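For clarity, chains are labelled A, B and C in written order, and residue numbers in each chain start from 1.
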Amino acid sequence: MHNQDMPDGWDALKGTGVAVRTAGDGDEVAGVRPRWVALPESAGEIAAVMRACAAHDLAAVPTGGGTKLHWGAPPTRCDVLVDLCCMNRVIEHAAGDLVVRAQAGVTVEALAGVLAAEGQELALDVPVPGTTVGGLLATGIAGPRRFRRGTARDLLIGVTVVLADGTIAKSGGKVVKNVAGYDLGKLLTGSYGTLGIIADATFRLHPLPAARVWVTTTVARPVTETERAPAVAGFLPATVAPVTESPLEPSAVEIDWPDVDGPCTLAVLVEGAAAAERAKTLRELTGEAAEVTEEPPPWWNRLPDDDALLELRACPAALARVLPALREAAHASGARPAIRGSLAAGTLHIGLRGRPGQIADFVGLARDHAEGTYDGRVIVLAAPEETARRAGIWGRVGALPLMRRVKERFDPDHRLSPGRLAGGV
Amino acid sequence: MTELERLTARLTAALPPDAVITDPVRLRTYECDGLTVHRATPGVVVLPETAEQVAAVVRLCGDHGVPFVARGSGTGLSGGALPRTDGVLIVTSRMRRIIEIDIPNRRAVVEPGVTNLAITEAVRDRGYYYAPDPSSQQVCSIGGNVAENSGGAHCLKYGFTVNHVLAAEIVTPDGEIVELSAHDPGYDLLGAFIGSEGTLGIATKITVRLSRAPEAVTTLLAAFTGIEAGGQAVSAIIAAGVVPAAIEMMDALAIEAAEAAVHCRYPAGAGAVLIVELDGPRAEVEHEFAAVERICRDSGAFEIRVAASAEERAAIWKGRKSAFAAVGRISPAYIVQDGVVPRTALPRVLAGIDRLQEEYGIRVANVFHAGDGNLHPLVLFDDAVPGEAERAEDVSGRILDLCIEHGGSITGEHGVGVDKARYMPRMFTGDDLDTMQLVRCAFDPRGLANPGKVFPTPRLCGEVPGVRKGAHPLVEAGIAEQF
Amino acid sequence: MDPELIKDCVHCGFCLPTCPTYVLWGEEMDSPRGRIHLMGQHVEGTPLTGVMAGHFDACLGCMACVTACPSGVRYDRLIEQTRAVVEREHVRPPDEVAIRALVFALFPYRRRLRAMRLPMRLARRLRAFLERVHPSLGAMAELAPDAPRPVRLPPLVRARRRRRARVGLLTGCVQGEFFPQVNAATARVLALEGCDVVIPPRQGCCGALSLHSGREDEAKRFARRTIETFERAGVDAVVVNAAGCGSSMKDYAEVLAGEPGWAARARALPTRDLAEFLTELGPVAERHPLPVTVAYHDACHLAHAQGVRAQPRALLRAIPGLELREIEESAICCGSAGTYNIFQPEAARELGDRKAERVLATGARLLVSANPGCTMQIAAAVRRAGKGELRIAHTAEVLDASLRGLDPGMLGWSPR
């Protein structure tokens, strides 16, 4: 442990001129409490903090809104929390170019406000309120419209990052089309702060859609009794397929299944000047009982909030097998899942209620099924410590050796969010 | 016996009988890709048929410390597949099986030598297509698309290769077969690999996303007296909240060339033509079309043509698609440039190009993807006139400077390759390039995968992993330079 | 090998996927772009090696690359020039020389071909033996169709209605000997559409095979003779029903470029493919229903060399009850390519199998091809595949059957 025998760390941090304070209760990173919090206001200040950390072998973890600090694995050590809340400036919104560059600490809500003033948006849904640009990239989280727009990595066109040794590097730029050099932004997406601290990011934007309409319907029996049964009419897979296969270009196809023994809601978002007309056609595909509204259902773009949160990644057509398997896992483990998300885009979020042991059992069953039968993944985003320890957080990571090698190059002394990712990365 | 000869003997033993090419006459046909100004006869060419064979070749290269370069159809325009005289050229043209078409999951699994268009052709009758459509789509390979992160005319709306590849099996520079998947948590290695121009390994199996074919497609051709009015129309279309599938512009000289080559019959007297393609649900397309047509008229279009059928659409696109090759009809030689500027900077950059034309006495034809600011200036010259080739080269380079000055990029889709490596330091700082180099070192510490491409000087990965812990011995000795 | 023509190639590679040998082997030097590069090497001083000649020989001359080229490279001219250089400079091994001598002493001469019909039928039974002697002999034996009943055509067939044109008919060597019923059908169709059809009895070979094999002098001799023959006939157009013959006749002016007088006479000779001519003329005869599913095969020398793709399809579609199906990869050569299937039997066989597979996949009952070489090649491949009922006919025979209201079951012949 690093403690009083290294008092010069604090002095070094203070010596950078960056605002620093002693860490408090609210500063824990997945249960690990840092010693100090640094509050840089520029990439240069982040670099100064990182150089001080390098000089005194201090481990640093970046944070933005702090909304997902409890996600991922706990860091193996954590001396300094680099809080980017002061870096909350939208640096440039080039509306004519449909491009925005924002500092990492800008929340997506604040960004949306700025963009909306010009009739534009970052066409992502971020399901955790208060998420910052940096946190969005570091966790790679995305909401319903990932079906049509992809995730942050698909809209990110440039990034500035500060490495463990204080090097400030950028890649990409502020043009949408650009293939010069490696795309560091991609590498940082989903990196949980282990490669560098994102200082700012540049995104391509879209015009705000003229209209948005949701088509919502309730499916009484989402799945058949066993996963081997075919997709029968009236069941969820048979309802989803015609929607995703239609040329109506839905922006999102989401399900909300709060109780695996109850009904499931299917909601489809259509955006555009002719959204209402297209929604009418969609309603014919989803059934007469479907409702067409101009407001989203209350659960739209919110993660199920329970004792634990999982992310399941699968191919779209696995829907018919995934849902029955999750129900079976629920019955077998005793954990109670609430399932939400878009299998049409290959991602479900699962909130779990239950004791840590039950949740761990559920994770094990769901993961075995996912990895074993349809090359899916089950990732524990947030869970009680005991669950995470018993079930493991990440599951299979195909390219882990390569990831380790990248980490070794970027942060050979493991001073940036050490251990936050799979395999000790 | 040289190292390469020793390696060749082992390659011959490891591969099928006709998969190793050593005859000098045959080797020379591989001396360049689509960019012919750079030429180098490969030391040896191999034509593997499986990922295992690719891995075996790469491992043998490692054993002998011999560099290797991957090549697909050899259509690249930045010399990314330029061979090494002291190395092995690994050609994927025999790896062209479509392994799986999986409509329910909207994806296809293909080998790297499959052509871009072959995927669309395989799924078209089921109502799907593969969205990225580089101009060379009938010949360019998916492996090459992955290496270059290829775009195309329609990437304004649909994005690039990186947005449409779901997974890739790659052979790493140390000869391991690794699966990179969008499903894996952690770093987006797949995203970093795509567009790395063969410097991080060789893709041997690629899973691509299939997109639903749009319900309606409308293509409109608007003729303007000058390029300014056309540019104004583009800005107005974007400001109106329309995202067309494509917006392409050609200037008078490019129109003249296309006319000479394919008799595309664009409106007479046009100083610029704009091609706008809208696609999507029929109701949306109708709505957008009305807006685009009005904007074009308001911006001064003196003639507007609309294609509803596939034939009429092909007629409109014919001139645009033939433009590069067509310039050969009005000039003995030319350089195809590929730069990007923020769309709003287009008028200033075009004015800058005009000034360059006057200063150097060199003509430049302009063809560009106006929607995303991707310029393809065609710098015309006569190689028989002494000094003209050099002047054209200067103009070409200064156009890139203009792009960088205005916050753009030195390449939008052709890649850096060997051709533009020297421009990289103009766009990026030493720290930027150094950081990119860390990725390279993680994948390819010995620098055997396509060395000399993308980055301006040989990069050193150091014996101990670490970020610049003192100077590398070779740097100290003055043998190599580090940024 | 004209350096200026070589320079036109910008190395874009658009020709690659259309080239049959590139499709087969995936090698640069067996693609048009690679072959032009080899020509460039030779022009710059690299000697014509056996390896180089091999890659030129492997070219089918299908001209699909000419269609695909955005820069307008005249590969057709280039490969003809190159073949002549190969013939002049390259010393072939003795067995190759012997086979080539046999073919060129045989095919362009109708009477010799006629004399060979019986021995060839016998040869089919001896195929295994011939194959061992030389693969080319085996290939020849396999290709030869059953000798048909000879059809004697009169020197003049009168129009069956108000005369709209006076045309000459090139009967062709292989077409005339192995598919005489095609010529008869062609004459009938033309007559029913209001044409006087002149069929000069003493016409010889048009020179196509020689031209496409680099035998320039021989080709010129045949060309001059053919021009003379049809000049004497005094016709509005020379109608050709064999794609290979038509394409070489349309090239006469270039073949005879060195002889200004002849070149001018060549230009004055209006050569038309049958489908092209009928489309220009417009239909007057009644089409009777012909309920049959048809797969139309694009002969390279029609589609690529003459740009005739739409016309035959339009003629077929205009027949009531006829359902036209497209063959996948229609732009890729079947491997016949004049004498290619004899000189390059292995590659030709692979291409033939590839084509047969795609033809059979259409599920059509009738394959329509407008070139006798293609017909024999695909028939042999279908026979090898040993599956699917398929009959083969020429466009002219299908039109003839419709115009005369014949039973579609009688159309064409079966390769079995």
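By our rule, contacts are C-beta pairs under 8 Å (C-beta built on N, C-alpha and C of every residue); 3 or more make two chains touch, one makes a residue touch a chain.
On a predicted model such as this, the values are computed, not experimentally measured, just so you know.
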For subunit A and subunit B, chains touching each = none
In terms of CA centroids, furthest away from subunit B sits chain C
Pair of chains with maximal C-beta contact number = A-B
What is the distance in Å between the mean C-alpha positions of subunit A and subunit B?
-> 31
Would you mind pulling out the distance in Å between where the CA atoms of subunit B average out and where those of subunit C do?
-> 39
Between subunit A and subunit C, the Cα-mean centres are separated in Å by 63
Where does subunit A touch two or more other chains at once, residue-wise?
-> none
Subunit C partner contacts - residues on subunit B that touch it in the complex | 21, 23, 25-26, 28-34, 36, 47, 73-75, 91, 93-94, 96, 113, 115, 118, 136, 138-140, 261, 321-322, 324-326, 328-329
Per the touch rule, the subunit B residues reaching subunit A in their complex are 102, 104-107, 127, 148-149, 151, 155-156, 159-160, 162-163, 172, 178-181, 183-192, 194-196, 212-215, 235, 238-239, 241-243, 280-281, 283-284, 286-288, 340-344, 369, 372-374, 407-416, 420, 424, 427-429, 431-436, 438-443, 454, 465-468
Report the residues of subunit C in contact with subunit B in the complex, numbered from low to high.
-> 8, 10-14, 16-17, 22, 25-29, 34, 37-38, 41, 46, 49, 51-52, 55, 68, 70-72
Considering the complex alone, what residue numbers of subunit A touch subunit B?
-> 94, 96-99, 119, 140, 150, 153-154, 161, 163-165, 167-171, 173-184, 186-192, 195, 206-208, 210, 241, 244-249, 272-274, 277-278, 313-318, 346, 375-377, 379, 394-403, 405-406, 408-412, 421-422, 425
